[in-house]
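In the two assemblies presented below, chain A is common to both, partnered first by chain B and then by chain C.
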Partner chain A sequence: MSYFGDIYKGIKTLLTGMSVTGKYFLTSRKGAITQQYPDNRETLKMFERFRGEVVMPHDENNEHRCTGCQKCELACPNGSIEIIWDRQIDPESGKKKKMIDKHIYHLGMCTMCGLCIEACPTDAIVWAQNFENSVYDRSYLTKVLNQPGSKLKAGVEE
Partner chain B sequence: MDTTIKNSNLKSEEYFINMGPQHPATHGVLRLLLTIDGEIIKKVEPDLGYIHRSIEKMCERDSYQQIVHLTDRMDYLSSHINNEAVCLTVENALQLEIPDRVKVIRTIIGELTRIASHTLWWGVMGMDVGALTTYFYGFRDREMINDIFEETCGARLTMNYNIPGGLMFDIHPNFVKRTKEFIAHFKTKLPEYDTLLTGNVIFQKRMKGVGVLTKEDAISFGASGPVGRGSGYSCDVRKHHPYSAIDKVTFNEVLKTDGDSFARYQVRVQEMWESLSIIEQLIDNIPEGDVQVATNAVIKLPKGEFYQKVETARGELGVYINSTGTKNPYRLKFRSPGFSNLSLLNHIAVGSKIGDLVASMATLDLVIPDIDR
Partner chain C sequence: MNISLNITKTITELLSGFMPESAANIGAMVTIALIYLAIFAVAGLYLVLLERKVAAWFQLRLGPNRVGPWGLLQTMADALKLVSKELTGTVKADKFLYNLAPYFVIVSSLMALSVFPFTQEFQAFDINIGLFFLIAISSIGVIGILLGGWASNNKFALIGAMRSGVQTISYELSVGLSLLTMVLLTGTLQLSEIIEVQKNGWLIVQGHIPAVIAFMIYMIAGTAETNRAPFDMVEAESELGAGFHTEYSGMKFAYFFLAEFINMFIIAAIATTVFFGGWLSPFGITESIPWLGVFWFIGKTFMLVFLMMWFRWTFPRLRVDQLLTLEWKYLLPLNLLNIVLMALIVWLGFTIQL
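And now, the complex of A and B:
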């Protein structure tokens, strides 16, 4: 009899499990969490804290806030940030001042730990929410964050 | 008539096969050298090194702030708790007074991480023993936790939200609301886990009596986490050596005495309920205050040895720092839960079939980067 008893028990537990899956099959499509990813690019909005890549925002006068203090370069665990700087004459005060020439960011090495942005005293670099970072060649992943011809915004001090 | 063959020349031969490093049930790049006789396992030899990144050596190079993000990459399913372990060690060494707000937030996110890890484990373990449906149900609930993390920490898996001295930034305004939504959602979904899988007769036959580990063996192999507690070994670090805000809440340490795969399964499912209750007790009472204590830009630990252990989703993670007073540790050692839990795999698998090895390995909940580091 235990043979038939086992069959009965087996079918019963099978139906118990299928009651859960059957419920979802029949009731809701609205509870589905599937995202139609490449098709929903227009509506897909990432959270504002999402760590996509490091960018340096410039205002309308092509001015950034980076003083070249190199704190981000020091904070970076694996050397993703390189800053090339020199001393230039500040047009306002007439004194020699440290200015960045290139703020180089290796996106391919970045681990998105966020230590550089925490370390920045002038909020010159921030996270961007762009996550589509695939390119055809690795060299494209090395980016110069300051735009050509940009300069330090007046009044930004360390 | 006696049909048995006497004095037969027929004899079976032992041979070995590779399981992994690219095997779907090893969840990563674990290579097992199986010595088998027919389908009976005679010996299991884990072969590590396929994902060794020398994290401990890299820690000797990095400053104490930079070490934290490397621990994300060890046990990536409980990354927040790993971060917390390093931060607690550094904070204890510096004798920093951490604000209550930080402690409570760390505990809430830690328990959310534990639930996320256990739901993933539940889904994947069901898949290992042949129930593909569980995979989707587990990931559905984990997705809500990942959204909470993404909104507050900025990343879904490798969060790096802790720094020595507190948190990187305050929680997002939506954090409390989303967490409460998740609790309400998950309380209706967790009973489904039992309906779907726990009572299933095929699943029970795959799990019960498979991979039995006695309490004595659990202690002598250094098992921790749900593996030890499934054998009746009371080893919850949160209970015995409370850290952060764990001493402010009441929860039960889940213990089962059977020691088989099914006991380990039940411990983890029950732990999700306990984690939910811990979050519920804390989420309404997050104290106001700072989320950081000011530390020097270059943290230098005093000379000496420091140790701190925490309970990750897999068991006891210990961080040992030997400092000579400089800005880098002289030596940093992680006592990872996965390594000692893997060491007992040979003990519990010998004499069973290959299919049972997959079942016992699934309930050990191995994360290979945690073992290899």
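And now, the complex of A and C:
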């Protein structure tokens, strides 16, 4: 009897599937997930996990959390990050210390894999939610993430 | 209101006013062919739009909505784009067959349209073997697909075409047998008479259980005949690129594409005619206004087209072996049983007459 049992089960599962999609069809007018992009350019907010580009947040004192450890540079599979660093005398403690000069990020090469962000031990870099990254000259895609004159936030290294 | 829709006769009479009879006959045929061509080219384009809209709604999207109000001109724009595109081809293609294939497909699907009675009068060609003609014509299209796949000298195209052959030959049986089940009830193959029989209740009501089973089998096999998902192994994008029409571009591709949608319309229209009373209105509510039949016919057909779209956007694609198992182990034996059942019901007079 499993022959007819199979037919019954087959029809039942097909109908279950159709009822699921049918419900979606009926509610689609209210819940369309489409973003009509150029129209809602002003109001469009990307969702939390969207990967726009890698940025380094700075606080109000122009301080970031990057220690210059280069872990992100090593983690990046295609060499999109270059860190130019230097040993300088820390004005507070008077010791010689590794500090970043420039955290260079090549957006044009980045595959948005997120490995650099996972590798960073101090959470100095994060994803930005911007989505309009097109420019007229590719040299604009090479960005320096730390702002000029910025310095390491105190206490990050402990 | 009295609109004469008996187009063949009207046009023949009109033309024979100033032409010898044989010329008038040919003239009438050409005129009707052109009218049908124009109507169904546009209808095909709008079916594409409908498909895209329905697909969007099933997936919680909006669908095309930029060109024209609610995107109504989108497929027109697409057609214009396809017309203006370059016709590319492979160097080693068999040029003659390669160019012939799209016409084969589109012509065979347009030919089938000629026998449908859209209303009592609006029927281009009422032959006494209408249903048989439809089944025959709708399977010619596969030759075009095989030719296209073979001649374009591309492995994917060839695999797609061969799958299409396997599929259409298998499912042709089920389409034929399920329609035959209904022919037992009507006792005629002529489409206009099949509708005449249904004045006592649509065949799906008259034939009750076996008719419903036949309808289900017909819809499954019909979807397979049109090579649409879940039976679209012919073009299975993820495996074969675009299957048999991988190497076609521009208008030749558009012919294949249009043929798919017209075929879908044809399958739905056959089901409308054979199971759901064609142009007859439910309970005869608009019997006094015969030209409303077009509305009912198109309405029913679009309900069935929608059903096929619903299938497409719900079910995953079958494997080749699953496809053949479904046909040869399930649909075909059930169909044969169903025919016997229907014969018994007709013999013993258990049909429901309203």
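In this text, the second predicted complex is superposed on the first by the 122 of 158 C-alpha atoms of A that agree within 3 Å, B and C clash if a C-alpha of one lies under 4 Å from a C-alpha of the other, contacts with A are read in each partner's own complex, and residues count from 1 in each chain.
Quick note on the criterion: a residue touches a chain if its C-beta (ideal position, glycine included) is under 8 Å from a C-beta of that chain, and two chains touch if they have at least 3 such contacts.
This is a predicted model, so every value here is computed, not measured.
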| item | value |
| --- | --- |
| Contacts of A:118 with chain B and chain C, given as first, second, both or neither | first |
| Contact breadth on chain A, by residue count: chain C or chain B | B |
| Partner chain(s) touched by A:22 [first = chain B, second = chain C, both, neither] | second |
| First, second, both or neither for A:2, with chain B first and chain C second | neither |
| A:33 touches, of chain B and chain C: first, second, both or neither? | both |
| Touched partner set for A:61, first chain B, second chain C, both or neither | neither |
| First, second, both or neither for A:14, with chain B first and chain C second | both |
| Touched partner set for A:134, first chain B, second chain C, both or neither | neither |
| Common interface residues of chain A - those touching chain B in one complex and chain C in the other | 6, 10, 14, 17, 20-21, 33 |
| Chain C residues within the chain A interface of the complex | 54, 56-62, 65, 310-311, 313-315, 330, 334 |
| Chain B-facing residues of chain A, complex | 6, 9-10, 13-14, 16-17, 19-21, 33, 46-47, 49-51, 75, 77, 111-115, 118, 127 |
| Touching residues on chain B, where the partner in the complex is chain A | 62, 65-66, 68-70, 133, 140, 143, 150-155, 158, 160, 163, 168, 172, 192, 195-197, 199-202 |
| Touch list for chain A against partner chain C, complex | 6-7, 10, 14, 17-18, 20-22, 24-25, 27-29, 31-34, 36 |
